[in-house]
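The next part holds the structures, each set out as structure tokens.
Two complexes come next, and they have one chain in common, chain A, joined by chain B in the first and chain C in the second.
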Partner chain A sequence: MTEFTMRTGTGKPLYMTKEQIRSDLEDGTNWATTKAKIPELSGNEIDHILGILTRPGRQIGVEQGKGIVLTTDGGTSRYTGICRYSAMPVSREQAVIIGERFIGFDTFEIGHADYSFRPVKTIAMDEATVIENTELNSVIPVFYGAMPNLGIYFQSQGGKWPSPTDFMNEGKIDEARAVQESAAEDMTNDIVYVAKIFAKTGLDGLDIDTTAAAGDADFYGTLKAIETIKKETDLALEVGMAGEKVFGLHADLKYEGERLAGMWPHQQGLMVEKAGGDIFGAVINTDTGKSCPWNLARSITFVKEVMKTVTIPVHPNMGMGVGGIPMCEVIPMDVVTRSGVAMVELTNCDGV
Partner chain B sequence: MSSEQLFEGIKNAIVDLDREECLKLAQEALDAGINPLEVIENGLKKGIQIVGTKYDDGELFIVDLMMAASAMKAAVELLELHISAELKQQARAGKIIIGTVEGDVHDIGKTIVSTLLAANGFEVIDLGTEVPSSRFVEKVKELKPDIVGMSALLTTTMPQMQEVIEALEKEDLRDSVKVMVGGAPVTQEFAEKIGADGYAKDAEKAVKWAKALTS
Partner chain C sequence: MDLAYRMSIGMGGIGTAGDIVARLQMTKRMKLDAAKEYVAKKLGVDQFTLHDTLQMRDIRDEIELGSITALPGKAKGIESKARIAEFFDIKINSVERLKKKLSLGI
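Entry: the complex of A and B
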């Protein structure tokens, strides 16, 4: 029986028959349907993905004229250092130009190695210089990316506020909630402060990346920051999430009357749109214990629902450990191109 | 209000995480002369089971679980004042000592399991984190529990679970208790390998497993 080379969630080769791949695709979409109560992929859609995954060739692409916007997050760190296998001795300004002129990205992002708004706040003026130089040398829209990262506002990670989990261990729920609200307010102020400085440099947009990594208070603080930034600057705002579900560490925060804890991607996107975000970066994490076909079907099921629910452009994250891509440093070309094509053809997303 | 309406109201108060409403209805049930054990069985336990399922489904979170458990605990304390010692013993689901093994400081998973077990009528003695095998042994001798529960979040601390089991064997205590293990890296295969009686993937399954063992 013919076997096709798929990947595990950690990137190892996995040899599967068509029937095995189909079974994993069906299980993956079923997971999303059962958990998030959203429609599952139809039989035709499963067949479509199966066709893409078993297409010959080490790498594949979409048809001519059906390309979509390609952008990045994580700053320029993939070029300048974070990945030891592919880092190049170039500056961040040069990395953007490489992305634009050699690789063909439609937008590119600068970011600091610390990649959170709180540390960026203290070096914002230095970062502004890098942004200005980059904008002067590039044509494509340039984003500055950083994480809200509420976690680093707590003492356990060097921040000012007591850790909410310490209060929870003592059964002090009110205190745990109050401290998250205070920290989120600080976080909002930091994001807005940085945004206002960068807006003066001619920066095209801000990528608020890995939103809600520390749960619903992280998401709430980010939404409040989006509101203010849209009112007070002309920056475009891309808002990327941390995962397919907002964790409820506070569990009683509401935005526009909706409880943020437990929100799935389509609900998250709606909140981002209501706050004033311009692009929504849906994130569906890769389950490393499952195959890539399983993860891809789950991701596509969620992104389809996002596309139905929000009206702003949607750029699902398709990289290391998200969007059906394995969790490994250097992503195999076979799986990333197949997953990308499937995501574009099945969801009609605006970019990745 | 009929007893059925009161049970339903108490169940809903737990699901709504409403401590005040739960206490108010529990008092009404007592005033109406309803057997407190029936209130626990038909109101509180049914409510906490729904909360446990919602938590398992990702609909509710640890904070919600804690609030529901707090409401249940307060109501049980009120009701217990009206239950004889003999009936209390009958109502108790079982006694469990639980802790995160030596070298491991992770608390939350173990606390979730403790909370849900207590909410389901178990007498839970939480030994905290970084519990050495000698302390598990000492507590088994002293408290004579039905179950010993161990948690580990790290692959490097998982072997401590086996040490506890071996320490219990050495002291001839192993046959007097059932041993349940859990935690992110722990698997059924590992549980079997070290000679544990059971493995639970999450808090709700831990409760089901503990109930099955003590029923």
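Entry: the complex of A and C
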């Protein structure tokens, strides 16, 4: 029986027959369907993905003329002096030009090593000069990326507010909710503060990345920030999520009358669109205990529903540990290109 | 990973028309097909050409929209963005700022 080289959720080679791959694809789409109550992939769609995954060659591509727009999160971080990436002695201004003229990126992103709005707030003026220098020399649109990261507003992570989980452990649910609301307000103010400074530089857009990592209060605070930024600046906003489901650490926060806790990607995208976001970055986390075919089918099932529901451009995240890509630092190009092609061909997404 | 995505699914940035399509998504919330159609119509080419580095290099060079090759005398950086803003009727923040700083009523 012919075996094909697939990948585990951690990136290790996994040798599977067509029947085994099909079985994992069916299980993956079934997971999304059962949990989120959205349509599953059809038999033809499963066959389509199977064909892509078993296509010969160490890398594959979409048809000529079918390319999509690439946005990044991390962006310049991967080209500059950051040890979790290449740690190259290159400035961020230079990295954007490398991305533009050497790699051929459609957009690029500047970010700070401590990739959250709160630490960026204290150095926003310095970051602004990097953006100004970049905007003079670059042609492609430039984003500045950072995470809302509500978690770092709590004392357990060096923040100002008592940890809501401490209150929860004591059964003080009202206090746990109140402290999340206060922290979220601080977070909203920080994001808006940074955005207003960057809006003076000529920056093209802000990439609000890993939204809702600390649950529904994180999401709520971000949506409120989006509203204000769109009213008071000309910045484009790309809003990427943290996962396929919004955790209900508060569980009673609503936006536009909809409870945020428990929202799936197609529901998250609608909230981002209503708040004023311009591009939605759907995120489906990789289950490292499953194969990449399983994770890919689950991701595509979710993104197909996002494409049906959301009218703004959709760029599903397909980096380390999301969108069917394995959780590993150096990702093999066989799985990157096959997952990318499958996502584009099956969902007609606007970018990645 | 960046190079793999660029090669397998990316439009190609300033090597093609990827940056301009991206700007339409960002500033006008256009979906991919609508944005490609808009750019193709403005340039008077088909959608395949938008992805073709050979043809787009000549087109970008002629209109001075910025290109991979750094030809002397051609528009670069913010000069190219000013021309993109004008040609495609796209608001570009850095170009708006430049106009203000130059105090030009253009």
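Methods note: the second predicted complex is superposed on the first by the 344 of 352 C-alpha atoms of A that agree within 3 Å, B and C clash if a C-alpha of one lies under 4 Å from a C-alpha of the other, contacts with A are read in each partner's own complex, and residues count from 1 in each chain.
One rule holds for everything that comes next: a contact is a pair of C-beta atoms (placed from the backbone, for glycine too) under 8 Å apart; a residue touches a chain by one contact, two chains touch by 3 or more.
This structure is a prediction, so every number in the text was calculated from the model and none was measured.
S.K.: So, on chain A, is it clash or fit between chain B and chain C?
M.R.: fit
S.K.: If you count the residues of chain A that each partner touches, which comes out higher, chain B or chain C?
M.R.: After superposition, C is the partner touching more of chain A.
S.K.: For A:171, decide between first (touching chain B), second (touching chain C), both and neither.
M.R.: After superposing on A, A:171 lies in contact with chain B but is clear of chain C.
S.K.: Taking the superposition on A as described, I'd like to know which of chain B and chain C A:205 touches: first, second, both or neither.
M.R.: After superposition on chain A, A:205 lies in contact with chain C alone.
S.K.: State whether A:247 touches chain B only (first), chain C only (second), both chains, or neither.
M.R.: first
S.K.: Taking C-alpha centres, what angle do chain B and chain C open up at chain A, rounded to the nearest 10 degrees?
M.R.: 170
S.K.: Quick check for you: in the superposed arrangement, does A:261 touch first (chain B), second (chain C), both or neither?
M.R.: first
S.K.: First (chain B), second (chain C), both or neither: which does A:35 touch?
M.R.: Once the two structures are laid over each other on A, A:35 reaches chain B alone.
S.K.: Output check: A:59 vs chain B and chain C. Expected answer is one of first, second, both, neither. What do you get?
M.R.: In the superposition, A:59 contacts chain C only.
S.K.: Should A:50 be classified as contacting the first partner (chain B), the second (chain C), both, or neither?
M.R.: neither
S.K.: Between chain B and chain C, what is the shortest CA distance in the superposition, whole Å?
M.R.: So the smallest C-alpha gap separating chain B from chain C comes to 30 Å.
S.K.: Output the chain A positions appearing in both contact lists, the one against chain B and the one against chain C.
M.R.: none
S.K.: What residues on chain B touch chain A, complex-wise?
M.R.: That would be residues 57-64, 66-67, 70, 107-108, 111 of chain B.
S.K.: Which chain A residues qualify as touching chain C in the complex?
M.R.: 59-62, 64-72, 78, 99-101, 103-107, 135-141, 199-205, 234-236, 238, 278-279, 311-313, 318-320, 331, 333, 336-337, 340-341, 344, 348-352
S.K.: In the complex formed with chain A, which residues of chain C make contact?
M.R.: So the residues of chain C touching chain A come out as 1-16, 18-19, 21-23, 25-27, 29-32, 35, 47-48, 50-52, 65-66, 68, 70, 76-78, 80-81, 84, 91-98.
S.K.: Given the complex with chain B, which residues does chain A contribute to the contact?
M.R.: 35, 165, 168-169, 171, 173, 176-177, 245, 247-252, 261-262
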